[in-house]
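Supplied in structure tokens, the structure appears directly below.
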């Protein structure tokens, strides 16, 4: 990794690049907000960001610091409330959900509730927030998180948000909407996918510049499947970095 | 109704829909009465030891912060709380007021996890917690607002969030799929901050409405704080803008900058400096209690708090507000 | 009955007189609208009329001809939608519901669906509308209807809207909210009540001027209980009639 | 889930929530596309023989009458209809378009029962009917709008309205009381008339909102007619006034006086003369078909209809509109 950009910046750029134009995307706090801002400027001008307290279709001119603040419905097409948004997801109108977490396992399950046992916990984390709903109700979810062995774990201490649960057929057996689940994990080292239709386990799809497959394996607490060629992703472009640093997060809240 | 699975979480507030109906019949006046009072009077009148309480929206967005600070000032004991919160619940937790939490998210958003929550739960100062998703808490309020004991939903299923909740899974008799049932959540006291209200409690909100509609209708006692008190004439001219009709409301508190340091869309912006002050202070027990002393216990009321913040800063926040 | 006023006018006045100030009242189409208008002017200035498509607390300056028209939320405190209104009733916020029907039986059950068997019916009527909900969810219901043997029947051909169903305990056994049900029937001949807490059957409470108890018995298809003194109601006052005719229904849609 | 009682009414539209999700994923574009078309184009594109269709609000209040008349003009066969209606459903019934009815109320309000309904049902021209209450039909749409297969409610219980519905009674697993479950109602086509919309379909309504919010979200195809087409800029300036976001909408029809002879609050009043004309005509088969010929079949489109009514009368109705 060169000194030109940080792993966080790379993660934001990769996330922005996979955002689809004219798609609806449920945006959680943090990196997804920066990625959605960047995507609207460069790759997906008609991305429809959806924020859980009511904003639909905002133009993300300034970085939201909270999922309900004015920036989440700035020049939006609608500003309603959390029930409307969550029911919109439940009705199948939200294509992508962007999530974070403290732990992720090989089936893409996420933990943002506790480290250790439930009560009293070793570490009490914020809890599900909208995470469980996004992971349950959006068509496809993308997780964005720091890559190390404490985070990429064999088994989450607590499954806050459903990935593929215990694997093939488990979501449907639990009653979750059909044909949903995680498709991507963007980390600080690479881009992962899932072996959907087969084992439903996490696969390695691409590495960041100057990161090796071995780096990723060593920083992952479970066996990552490698089913095809692992590509190396392009570093952030000068334009991506300029926009990120000068326009999107000039106060350096995240980057 | 055959229950297939059941969360092991405690039902911290039991959904007695019949008692709620009876309460709404006998304890909620239909009379147009002047309900204006101060934060102090409202919290004293309605927030009691052990009550189940909830606030609407997050501490940084249209949240009843002047009411939340008054709760700290009066220090009711053993509150049971619907835990979807940022600054406001941090204050209550730091003040040691909370005994039980229906928790979905307590954190500081852009500034990360809540140290106060960590200390309060890890030390077992908060004695009982049950897990829910954000939608689940809102839908539980919606069930109460609809006057029904439960609502079916399609999230929570298959996860530990469900296992540590008090929800149930049954087979839907129409489609024969598994579905999650949430118990209604009836609050003893609800707090909501709005853009404007008349003296009877008819209230309007601008921008996103969060879960104000649902929480207002799910509360046995409802305290409204408002940036502005308007004439009822304005309400009657735009009845379609009323999100909370007066008969739901028990107290109306005039609270300009009532959401500070959070924002009030179209009126004033977030006070980033003040939010960061709490983020810093709350890292330690001493820091948090120093903050509580300085910004809450040392000032008698909301007006004194605003004086402490200073007109210069408030004017700046007004200037930074989102415009239509 | 003198030529000074019609039975319909008397029925409206009696209904208006029993409306309580500062109470919430679900107002259906027809006579209840006129009665609520009259009550607001004379007896219950702070009556809060509630109309099923969203109007709460209107000032009834002009007679509504439909339950959703502008007059149902003229200078109202709120104008929302049907779900909000019905859920307000379900939550126990609506004190009184005013209803009509084609048939009523001794337990106050109402029929507004079919005469004869269900399908094909001898006469197809409009259906429940909000009737069933009002009869189920408001605390107390008052029916307003023409009095004759075809209408006051031993058994409704079809129970559209619940009264006390089959009598003591039947509402609760069916799952309806506790402590609810009909308390009054205002007809073109008199005012009936119910033997609540005991048989739950319809009782005769009062007769209109120049109407005898015998008149009522002969026009009722079931045995009406008479549990106490049967009073004779005062005829419409000059002021009631003037307001009704000149202000409320000058086009004589109803009177 | 153990079912205690079951209505014997037919489930005229089955609540397939999974298929609805899939439809909403694949058949509803998220693109901002210009969806303006005429009544003729919209009805032709989306209303098919045998489809399940619903209109929002009553024929005399903010009802899509220009769309409803176009349905009569194109005469699709064997419609299945959510029957909460006044003039609009009378027209469809009189034209013989309706095969099945989920009925709650079809009548003429102040003018009494519907002769057209009587003839259509008593003669068995309408082959299937199931009974519901007004709230039940709206709540069934709400269930679909929420993306859940059913909603629990506390009306319908104990009555023939329940017995001839397709609802079910179960024991609530939280309070152990009997409760009625309504199946979600997903419309193949929904029609709503609004005050204003942009060309993409973002829509605003003034005054009561009836069940527009729910019906818009419960429809696989949604046709919006609007008094006024506005710039999207106006929508983005007041996003909190959007009741129907564009992605729900398949067609936007510019229809001034689209609710005539019904009213449009703050824009024009009811046309009592014209409503009475239908009340009179509809007493007999010949009268009704004469009316249909004169006001629908003999005029090619909504503009021609308005010409027939005449500018003078329309101006009068504008003058009689409710004012803020």
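When the chains are written out, they are named A, B, C and D in that same order, and each has its own residue count from 1.
Everything below uses one rule, namely that a contact is a pair of C-beta atoms (placed from the backbone, for glycine too) under 8 Å apart; a residue touches a chain by one contact, two chains touch by 3 or more.
Only a predicted model underlies this, so the values are computations on that prediction, with no experimental measurement involved.
Q: Which chain pair shares more contacting C-beta pairs: C-D, or B-C?
A: C-D
Q: What whole-Å value do you get for the distance between chain C and chain D if each is reduced to the mean of its CA atoms?
A: Roughly 28 Å separates the two chain centres.
Q: Please work out the Cα centroid separation of chain B and chain D, and write it as a whole number of Å.
A: From the centre of chain B to the centre of chain D is 37 Å.
Q: Counting only Cα atoms for the centres, state how far chain B is from chain C in Å.
A: Inter-chain centre distance comes to 40 Å.
Q: State, to the nearest whole Å, the distance from the C-alpha centre of chain A to the C-alpha centre of chain C.
A: 57
Q: At which residue positions does chain C touch at least two other chains?
A: 55, 73, 79-80, 83, 90, 137, 177
Q: Going by the touch rule set out above, which residues of chain D reach two or more other chains?
A: 18, 147-148, 153-154, 177, 179, 207-209, 237, 239-240
Q: Determine which chains touch and list them pairwise.
A: A-B, A-D, B-C, B-D, C-D
Q: Sort out for me which residues of chain B touch chain C in the complex.
A: The touching residues are 18, 20-25, 28-32, 144-148, 200, 202, 217, 232, 235-237, 239-240, 242, 245-247.
Q: Report the residues of chain B in contact with chain A in the complex, numbered from low to high.
A: Contact set of chain B toward chain A: 57-58, 60-62, 83-84, 86, 103-107, 109-110, 113-114, 117-118, 121-124, 129, 131-136, 138-139, 142, 153-161, 164, 169, 177-180, 207-214, 263, 265-266, 269-270, 272, 321-322.
Q: Name, in rising order, each residue of chain A that touches chain B in their complex.
A: Of all residues in chain A, those touching chain B are 29-30, 52-55, 65-74, 79-83, 86, 90, 109, 113, 118-133, 135-137, 158-162, 165, 170-171, 173-177, 253-254.
Q: Which of the residues in chain C end up touching chain B in this complex?
A: Against chain B, the touching part of chain C is residues 22-24, 46, 48, 55-57, 59, 73, 75-80, 83, 87-93, 95, 137, 139, 177-179.
Q: Applying the document's contact rule, which stretches of chain D touch chain B when the two form their complex?
A: By the definition above, chain D touches chain B via 1-3, 15-18, 147-154, 168, 170-175, 177, 179, 181, 183-184, 206-209, 237-240, 324.
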